[in-house]
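Should a chain be cited, it is by its letter among A, B, C and D, assigned in written order, with residues numbered from 1 in that chain.
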Amino acid sequence: MAGSSFGKVFQVSTWGESHGPGLGVVVQGCPPGITLNEAVLQKALDKRKPGKGSTSTRRKEPDRAEILSGVFEGVTTGTPISIMIRNRDARSRDYHKNAAVFRPGHGDITYQAKYGVRDWRGGGRASARETAARVAAGAVAQAILDTHGIIIKSMTLALGGVAIDKMDTDPVTNRLECPDSVALEKMETRISYVKKQGDSLGGVVGVTAINAPAGLGDPVFDKLDADIAKALMSIGAVKAVEIGAGCRAATLTGYENNDPITVGGFASNNSGGILAGISNGDPIVARVHVKPIPSISKPQQTVDQDGGETTLSTTGRHDISAIPRINPVCRAMLALVIADHLLRQRCV
Amino acid sequence: MAGSSFGKVFQVSTWGESHGPGLGVVVQGCPPGITLNEAVLQKALDKRKPGKGSTSTRRKEPDRAEILSGVFEGVTTGTPISIMIRNRDARSRDYHKNAAVFRPGHGDITYQAKYGVRDWRGGGRASARETAARVAAGAVAQAILDTHGIIIKSMTLALGGVAIDKMDTDPVTNRLECPDSVALEKMETRISYVKKQGDSLGGVVGVTAINAPAGLGDPVFDKLDADIAKALMSIGAVKAVEIGAGCRAATLTGYENNDPITVGGFASNNSGGILAGISNGDPIVARVHVKPIPSISKPQQTVDQDGGETTLSTTGRHDISAIPRINPVCRAMLALVIADHLLRQRCV
Amino acid sequence: MAGSSFGKVFQVSTWGESHGPGLGVVVQGCPPGITLNEAVLQKALDKRKPGKGSTSTRRKEPDRAEILSGVFEGVTTGTPISIMIRNRDARSRDYHKNAAVFRPGHGDITYQAKYGVRDWRGGGRASARETAARVAAGAVAQAILDTHGIIIKSMTLALGGVAIDKMDTDPVTNRLECPDSVALEKMETRISYVKKQGDSLGGVVGVTAINAPAGLGDPVFDKLDADIAKALMSIGAVKAVEIGAGCRAATLTGYENNDPITVGGFASNNSGGILAGISNGDPIVARVHVKPIPSISKPQQTVDQDGGETTLSTTGRHDISAIPRINPVCRAMLALVIADHLLRQRCV
Amino acid sequence: MAGSSFGKVFQVSTWGESHGPGLGVVVQGCPPGITLNEAVLQKALDKRKPGKGSTSTRRKEPDRAEILSGVFEGVTTGTPISIMIRNRDARSRDYHKNAAVFRPGHGDITYQAKYGVRDWRGGGRASARETAARVAAGAVAQAILDTHGIIIKSMTLALGGVAIDKMDTDPVTNRLECPDSVALEKMETRISYVKKQGDSLGGVVGVTAINAPAGLGDPVFDKLDADIAKALMSIGAVKAVEIGAGCRAATLTGYENNDPITVGGFASNNSGGILAGISNGDPIVARVHVKPIPSISKPQQTVDQDGGETTLSTTGRHDISAIPRINPVCRAMLALVIADHLLRQRCV
């Protein structure tokens, strides 16, 4: 059944596999009159693309976005916006060796179970490459948020077991998006070590939306936090989502956790900007916990399609960690949720 | 905009406020021929209803379910099933005192911001009472899962900061659903203490589905874990959702986290039964982190509807913790997701 | 799969069978602050209920509406509105005789094919009785339209082959809703004759919305006329839907059919108020062609559930024609579509 | 709000304007293992494309389809299928002259009212060119129907006021798809005449699905006939939709209209293969009434964007009638509905 559409008023439908001709998205419900062009999309995509930095794969993709509809004379027309990104540097041969083997931690075995066939090239539809389409869609959403002064930020809170301790750096100034200069060094050290081991790492990313108005969210199922949880959990490699105080809230008492209300606003933000599923005007705060990339060089035990046990050693060009390339994807998904609910709120 | 429907093939639409005439749900897409009757629903509802145990409110509701359509001669007809639960023991006067005040940690202030009006009686639509409708819907879903031998269980993993350490007890034998006899005692001690303080507690609940077939989930947005995250996060008081190894996975390396595949199945289950958003046949494992109940007797700082600062002291009959009454709600939501995806998988 | 919900922003989900405990609807997405009470609903339902007039069944149903949620202190809260109508005068025994027989022209044989079981009492979910829920939902929609000055009217254009020729009467003043005094008499004569024959009649109903603003409709699939066509065709007994000049437009040339645009507005309204699927501000004009009621006393050839041929003679209390009781249902469905699109347009 | 998606299990989302870079569709929910390739799509598109025949525009578009995802080794993978058709022969300058004028009968004035901006080139999103994407989607649907032996046919029943009288020709053998050799000649004569007048014509198209199983349709709103009505009415220029006996049924008595049931099946097919909104196994029969193309050379009265009255004379390359190019679009839409409901029925 259809499962690649997200959002109800502002709705995006993505398509494309890692080694197919390309990837893309159709964005419906973008209001008319929003400034949009390929440069805007490119800026967002460049923050995600492969080929940059210590944790990143050596696959080189220009990720050049092309707008095929929905924009006329530099502004959106209100009609569907189709965006395409051609694949250029697919090396399917890297995957051919393991075409008949189920790679542990990947969707090979489950895609086979579900569909009966699978595109083994580069992970097919399950590949993280599909997130390029999400980032393009997120850029359109952000163009809407810009008209409301809503800003979305992210930062790396932990990587490979190294957690931040303080914030003394602007995350945007380093490639790991880390706000703690000391932790940043430790992270890089950890990465180098693990790279030599032929292994991979996970981590935690925080993502925030500032200046979102109060009133967003449609209880009781389409609550803002519920939609954010779905949006973030749908990103490959995410295994947990927190809102506000998150896991920590479960250890507090009511008196400790409740955010007192004063004439100047809320005295704290354990709620993460959301109460009873509706935004309250405070920063919307979420965190995603990202598992380590399943593709590693270290040999692993697995089975092949005929059921025989075998050992797998993954070659090809892989990331050491989904962080920091997952960070713009988290921002994009949060932008999609907020844009959708911003427009939904107009109907109330 | 509409926000009270969940699911696409097996779709439930809930309605009702805490102090209105009643609550209910319309279930669409239940296949015909499923055995269903009011006794089945009542059994599920009885596990949730108020008036039982140390953490529970003293409000007494029989929560008697009435099936109004969709069942004929003891089996479902395939047409919409309407279930209603009348409210009997609403004490609106308990809330009248604070009708013009925004209670911290509650949806009062956000419902007012969103809708411009709010039903202050008992929390209105934001009240946890709406979960009775979810449990009724979950019972219908479970009737479908029963025909596939799929079992859903839950247990309390932590409460008030006390975490379990081992499993030596069947959770169903004690009212806190705790599997650790030693932790259970400590939890009860903590509860008594906090009750005297006029405060409240949070905790962690684990919920699992066993025997679900492989292949459930519709990538890339309607992944099984994404829909589970939405389902669980939509429950009031939930602030974090984990799948499988969850937060812990973020601290592991790829080699440590990947579940090796053997001819006998997966050697471990860090994935929580879901790979690339699709179930793999292993137990589906999730955890929810629950914030402490916002309604406490201890005085809190807040503002009233005219913007003046005031102190709030909540009276009325309230739970000390959402646990364990939230446990059957978690089971119900997991049942809804799995029933929906079970039927969706037939279309592939 | 779920199929009893209509609308996207203003969404209604109906439930209930002819001889079950009752019928009802859950309305989601109604904006807050709309005046709504049971008297308003009752007024709409009274125009539909059985027991009135020459064409109508002798089944007596008070069709008393009860609002179970979503309204507080006389206005909608923005939360789901649940409405229930209890069945009082079901005579299942009338149907027992034919429980194992497929009645020609009815859904007996197709419900059996689809679901494998069927509720034979009074036609079950396929009974026209389910339209009571639609009329209740339509009353809520109309309450929204009232705030915009949008009026919906209907009239009978033909019945039993007798077509109107002029308009010299206010349709609301006679029970057949006929605007032509001469045709009205002929219709009544035809009805008497056919009643004695133990047969039934069809006809044509026109329904119009006045003062709807321009801009409603979401191309290319959720066009306003496309949604109107679905809404009206979904009413039992409807076999054709026309918009504006409808069938006649197909016989005209472009020059004859195009509505010239002047500074005062459109010079004609062949478009029926809709151009390229979007309303243009002119009256929205539609017509439905209604087949004759399948239940007749005259013996008919059919088969029973075991496949043996038999003759059917329907007893029970039946309408001679779906008109005029179908007229308020048509108005209700048009109201639902316009309310949904009115709210949808706010998101543009 | 999003409005360019159709279907629930088998869902298509179209995009593209007449003079933008291209058009396309994303198809979700196509089961895996279906044979699909560009030749199959091309065959369907070639029946629709411009440049052929007496009624057709002189715009030459190769309409070459490109499959960008969802197909691997010649079969569908179950993941989204993206299809694109590049625009080659757009002559925007033809439209520039009238960029500031509202063309009567077109969506210029309503698109402006709805969106506040409009793409005046070739009619933008409102152009009939968007139907190329529908035909591509319909080809994918037909590939699914092929596996069930379901055939969809169409024929022209009337054009320019000339109605067929008998069937003595296979419609596929002449470009107007007319089954009556005598009527065919008269139609051609009428077309020549009207062409010289600088005017246009409408007509009636019949479309049928054969071998669809019984049981398709999800009452009460997603009935098969209701979804067919929406699908067909959504095609530009359609002003009426009939099912089975359609308008004629309204003139019959119940005894005349009911299809008697015999052991060999239904004795007649006034129902059009649908009873109570569910297919009964007989041929599904529908008819669309098509208004004349609004673009004519004859001068028409209209206003421009500043509100001043003016006379419009449309140049450019236009069809004389939407028929017969609309015929494959009708077939495509019927295929979409049946494919969706075929898959939906698996969930029952």
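Throughout what follows, contacts are C-beta pairs under 8 Å (C-beta built on N, C-alpha and C of every residue); 3 or more make two chains touch, one makes a residue touch a chain.
All figures in this text were calculated on a predicted structure; none of them were measured in a lab.
Visitor: Which chain's centre, taken as the mean of its Cα atoms, is farthest from the centre of chain A?
Guide: Chain centre farthest from chain A's centre: C.
Visitor: More C-beta pairs touching across which pair, B-C or C-D?
Guide: Of the two interfaces, B-C and C-D, more C-beta pairs touch across C-D.
Visitor: Could you tell me the distance, in whole angstrom, between the mean C-alpha positions of chain A and chain C?
Guide: Averaging C-alpha atoms per chain gives centres 46 Å apart.
Visitor: Report, in whole Å, the distance between the mean C-alpha point of chain C and the mean C-alpha point of chain D.
Guide: 26
Visitor: Roughly how many whole angstrom separate the Cα centroids of chain B and chain C?
Guide: A distance of 39 Å separates the two centres.
Visitor: Give me the residue numbers in chain D that touch at least two other chains, ranges are fine.
Guide: 1-5, 8-9, 14, 29, 32, 78-79, 114-115, 125, 219, 343-344, 347-348
Visitor: In the complex, go through chain B and note every residue touching chain C.
Guide: 1-5, 7-11, 13-17, 20-24, 26, 28-29, 32-33, 66-70, 72, 75, 77-82, 84, 114-119, 121, 124-125, 343
Visitor: If you look only at chain D, which of its residues touch chain C in the complex?
Guide: 1-6, 8-9, 14, 102, 104-107, 109-111, 113-115, 125-126, 130, 158, 160-161, 194, 197, 199-204, 214-223, 225-234, 236, 239-247, 249-263, 267, 270-272, 274-281, 289-296, 298, 300-303, 307-309, 344-345, 347-348
Visitor: Enumerate the contact residues on chain D facing chain B in the complex.
Guide: Going by the criterion above, the answer is residues 8-9, 29, 31-32, 78-79, 219, 343-344, 346-348.
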